[in-house]
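Here come two complexes built around chain A, the first alongside chain B, the second alongside chain C.
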Partner chain A sequence: MTIIWGGLALGAVYALVAIGYNIVFISSNTFNFAQAQLMMVGTFVTYTGLVTFHLPVFAAVLLAMAAVAVVASIEERVAIRPVADPSALLVTTLGAAVLLNGLSQLTWGTQPLSVPFFAGDRVLGLLGGRVYPVELALVAVAIAAVLIFTLLSRRLVTGLALLAMAEDREAAMLRGINVRRMAFWAFAASGAFAGLLGVFVGPKTFAVATLGASLALKGFVVVAIGGFGSMPGTLVGGLAVGLVEAVAARYLGSEYALISVFAVLLLILLVRPSGLFVRAQERTV
Partner chain B sequence: MAAVWRGLRSLPTWTLPLVLGLVLLSLPWFGLDFTLSRQIQLGCILALLVSGLNLSLGYAGELALGQVAMYAAGAYTAGLLATAGWTDLLLQLAAAGLAVVLVGVVTGMAGLRLGSLSLAMTSFFLILLIPDIVAIFEEHTGGRNGLAGIPAGTLLGRPVDPESFYFVVVAVLIGWFAVMRNIAASRHGVALQVLKQSPVLASSMGISVFRMKLLAYAVGAVPAGLAGVLFANLDLYISAEAFGFTMATTILAASILGGPMSVYGAAVGAAVMQAGPNQSSNFQQFALVFTGIFLIAGGVLLRGGLADLARKAVDRLDRAAGLKGRPEPEAGEAPDLPRIEGVELGVEDVSKAFGGNQALKDVSFRALPGRVTALIGPNGSGKTTLLNMISGFYRIDSGRVLVAGAPLKGAVPHRVARAGVARTFQTPNIPEGVTVLQAVASGRYSSDRVSLLSAVLRLPRFRRAARADLDEAGRVLALVGMGHLRDAEAVSLPLGMRRLLEVARSLVGAPGVLLLDEAASGLDEDEVDRLAGLIRRIRAAGGTVVLVEHNFRLVLDLADDIVVLAHGQVIAQGPPSEIAENPRVLSEYLGVDNEWGADHGTAAEFAGAAKTAEAPEEAS
Partner chain C sequence: MTAEPSGEPVLRVRDLGTGYGDLRVVWDVSIDVWPGEMTVLLGRNGAGKTSTLRAVTGLNKAVAGSVELAGADVTRAAVHQRVRGGLGYVQEGKRVFHKQTVEQNLILGGYTRGMSRSALRAEAGSVYEVFPVLGEKRGLLAGSLSGGQQQMLAIGQALMARPKVLLLDEPSGGLAPVVMGEVMRQVARLKERGIGVLLVEQALEASVRVADHVVVLDMGRVLFSARKDEIDDLSVLREAYFGKVSGGSSDAGKSSGPT
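Right after this comes the complex of A and B.
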């Protein structure tokens, strides 16, 4: 049970990365390679706020949200908007990811930094397993995030506009939606969201500059399982990836953890390339 | 000055790279210190890696980040072979090449299923797996400590000392660039460019999108495997640390910088990255920052990389030296069209629904060789849908399509194309970066097949096909009256020319069935006349032509049989004289109601009416 709790918490982290991918994907049909790096910056800023400046939790979270939102906005302006060719976006967002990796290493060094969790780190016993409070919090945050974003996208005009943009950018423009501004704010929002998560993710993963690459990949596996743009899919995908990783690491050895996740990815891509929660569309000419 | 330039330009384009390669090869005779020699060898290895990425990223349009994993696979293949006593470099190179093709095919099959992003991610994932796989096979690979004490390589039984190893590295580089150049400058290179631009177009030309991308990805892995062998033999020590994320992004940055869609750009990009950011390897953070900036700036500003700048400069010099004048249309008779073996196209009770929308219902018609069959109908009546179903882009719900009597049911587009069905598109679909002649010649890809291997080795079979490609393409171009534009850039042509180019491209493979989707829309009167003349000649040569057209006058003028669609059903079919009198056609298609149609139902008048009220282009 301890393993399952650990796996669930990891899965929640991956699901949160995947949610970030989806926000940007829905609003601008772009895959932001650097989403996991934004989350990584969030953990670093939270660390700085909590440990270096001794800020109260609330203030540290606000600081991280603001900082990462600014970073994300800059990324949108510099690496997304000026790019004419959509296929070059993979290159430029990867560039942003690499740049953020390098800058974080320059700023915070290469050693893992431990981010304290505000609700303490006393081990709890739950359903026959041992679990840290932060692990429970992560699962709760992931579920809450999916619920909130699903509701927002259905109830708010803004959410509907975002969906319209994902469906057909030109049609949305013709209906008076300022597509560029919306894409910008969606990007900034995904940044703020990534910053907010720093306080939850940091205590589980540590703030470390190598976090980005592996989070980015596992977040992608989650999206591949759940389907692009599907919010409920991220929960199922996160659950699957987290559990596979935790179980493989426990029973096969830690060097098999990633390989098992990779095997799951290959399987999904071969069997159901569009993901479990998105229906395949017939090609159009 | 201009004369010197003209003289230089008359040499083959590979002269300069070959000379530079030979200079590189001869450097040790002019004294080359150890540090510089090592830097050059590392640069050559990087160039190999970048060149492989160019094949998949630049030519096939697939971002494959896994070059590093292939590099590692090659290095460990060499290292393990050497420790097992197989030190011959040629053997190691061959084994590593095979090993990485295998890895490429397995991962590519999965990765290519979901478009470019998923290949990027699956191949990226491979990089993260390297340390784990190395750890799992610790007793062979040395695990995290690395594989040390690899015996030095031998060549045909003779030991290779570090000085002579330099020659091996440079020779492999030159050899691979020759292969890469032969691929790029062949019909396969053009086919890859077509594919990158538009998978739809590629499959309509008989190119299997999946197999072609897989091929590019797997072949692109080969130089990485070779580079791995060289690296293992250079240091005689390998560890998983050399094959990390930083290396992967360095390769990508070098590719973007040099120009992904170029052969020699890889060497330039690799040289810059090796001389620049790779020197700061002690400060990995700075290397990351630089690489990140390179990637963003390269993606935003430098589309096409340094290679593109070089091409533009050459173009400028060409013009200054008077090598390129403004082409003039040549007068004279258009050449004859040889006999086309047209086949019968049969559509039997075909139905298609998109969700609840019944796009086509029980549509049947036949198009015969030596006849022009026109499909007409108001916007949204299902004409283009029908064409798309014939070419295999949509699945058929019920009914069947027959080509020369053989049913096509369930066939994918490239198979339909190989069965002899060629088509044009409503919006002309022309790949970037190729000349008019190449664009037309690409239409012969499926009719006269040549393997990649014979293209690489420039076998007689390849040369024959290449010559036939150019001859045929030149002839068809002259037929559509565009012979003088053969060396112009295809995408820069005006709309009318691009439409004619599409017709030429679909005609060049002598298709059994030719589908023209609104070929005349957007053409001026002159061009419409030329197109009509061309269609008549195709008919006279025995071709089967299916014409989707809004220009009613043109249809009455050209067609032998007319099929009228409305609301997804055939409401009338027959010869033009009948159709022009049919009251339902008049009301449904021409919007002429009875008070108008009953009294004045003659073909000539409706032609006039149709001409003035020509329908706008149907949205695709």
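Right after this comes the complex of A and C.
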């Protein structure tokens, strides 16, 4: 059960990266390859707030949210908005990711930095397994995030507008939606969300400049499994990837962890090419 | 000679030119639409009708001329600003949001009104009165509706924004005759609400019957423009539409067009 808890917590981190991918994907049909790097910057800023400046948790979280929202906004203005060809966004957002990796190394160094968790690190016994408070918190945050985003997108007129933009940008403009402004704010919100997560993800993964690259890959796998644009898909996909990785590492050996994840991805894509939670649509030509 | 309607046109298009990249497809198009009246824009495939509408809404850039909406120059305004200013556009091809329900589509239609979701849901009742079938299917995904129902939803969505002028691009396109009749009947009734309508159609007889003003486009230019009550003989129009216009008829029509 300890392995299950560890896997679920890791899976929750992947799910949270994938939620960030989906916020941007839903609002602007863009895949932001730097989303995991935004989360990485969130862990660094949280570390700086908590350890360097000795700020209270609340203030450190606010600082991280504001800082990463600003970074995301700059990325939107520099790497997204000026790009006319959507396929070129793969290059520009990947470039932003590389830049953020480099800048983080320059600013915080290459050594992993330990981010303290506000609820302590005393091991708890739960359902026959051992689990850290941060691991429980990560699973709870991932579930809460999916529920909140699903509810907001269905209940708020703004949420409907975001979904409309994803489906037909031109028709959305004709409903009076300022699609450029909406896409910008969704990007900034995905940054604030990544900043908020620093206080949960940092204690589990450490703040380290290689975090972005490793999370980006797993986050992408989660979105591919769950389906692009599906919030419930991110949760199921994330937890599944985390569990497969943890169980494979325990019973097959750590060298099989990654290959097991990709084996599951291949199997799912063979059966459902659009992912578990997205229905494939016939293309009108 | 019949006088133009009193008051100002709600939409005044002057010498409009537009295209795609370097390719110019519309030249010097002038159209007026008055509140509570219908201007029908006729023309064969490729005449520039849809391109004209796209330039009026801002989806295509106007490279020449001007667009005035309720007295305000919107030639350089963004699409969403024109919509907020009272311009509605029902695109060709029943462009509704397939992955959202009928009710959600209508709520989105009222996006510019800044009302709460529940208030917009109540407001959708006025659309269900016009198109009762939409009320019956309010909880279904728009993608599951028939072509005619999707067209009704597209019009209903535009009505939710309370437009001052509504641009309709071939609302009867691809519909069965009986459904087409129903859609055209409802389109004609939009005038009773005081909405100015600019209707693009290929169905000449059916659209001219409900028109107050007729404009024929050919090769991206206005070939004929006249108030309907000035057209004594529909054959003149038919000739213009089918490209066999005689100089005299065309010029006579043009002289009474928008100035």
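Quick note on the criterion: the second predicted complex is superposed on the first by the 285 of 285 C-alpha atoms of A that agree within 3 Å, B and C clash if a C-alpha of one lies under 4 Å from a C-alpha of the other, contacts with A are read in each partner's own complex, and residues count from 1 in each chain.
Rule of thumb we're sticking to: contacts are C-beta pairs under 8 Å (C-beta built on N, C-alpha and C of every residue); 3 or more make two chains touch, one makes a residue touch a chain.
If you're wondering where the values come from, they're calculated on a predicted model, not measured in any experiment.
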Touch test for A:Y256: chain B only (first), chain C only (second), both, or neither? first
Does chain B (first) or chain C (second) touch A:A171, or do both, or does neither? second
On the A-aligned overlay, A:G102 touches which partner chain: chain B = first, chain C = second, or both, or neither? first
With both complexes superposed on chain A, which partner does A:R130 reach: first (chain B), second (chain C), both or neither? neither
Determine, under the contact definition given at the top, whether A:A213 touches first (chain B), second (chain C), both, or neither. first
Based on the superposed arrangement, let me know which partner A:R77 touches: chain B (first), chain C (second), both, or neither? neither
Is A:L156 touching the first partner chain B, the second partner chain C, both, or neither of them? second
Identify which of chain B and chain C touches the larger number of residues of chain A. B
Would you please give the residues of chain A that touch chain B in one complex and also touch chain C in the other complex? none
In the complex formed with chain C, which residues of chain A make contact? 155-157, 160-161, 163-164, 167-168, 170-179
Listed in rising order, chain A residues that touch chain B in their complex are 31, 78-79, 82-85, 87-92, 94-103, 105-106, 110, 213-214, 217, 220-221, 224, 255-259, 262, 265-266, 269-270, 273-274, 282-285
Complex interface listing, chain C residues touching chain A: 57, 59, 78-80, 83-84, 89, 91, 95-100, 104, 107-109, 111-112, 116-117, 120, 157, 161
Residue ranges of chain B in contact with chain A within the complex: 61, 63, 65, 107, 109-111, 113-114, 116-118, 120-122, 124-126, 128-129, 131-133, 135-136, 200, 245, 249, 252-253, 256, 284-300, 303, 354, 384, 388, 393-395, 425, 620
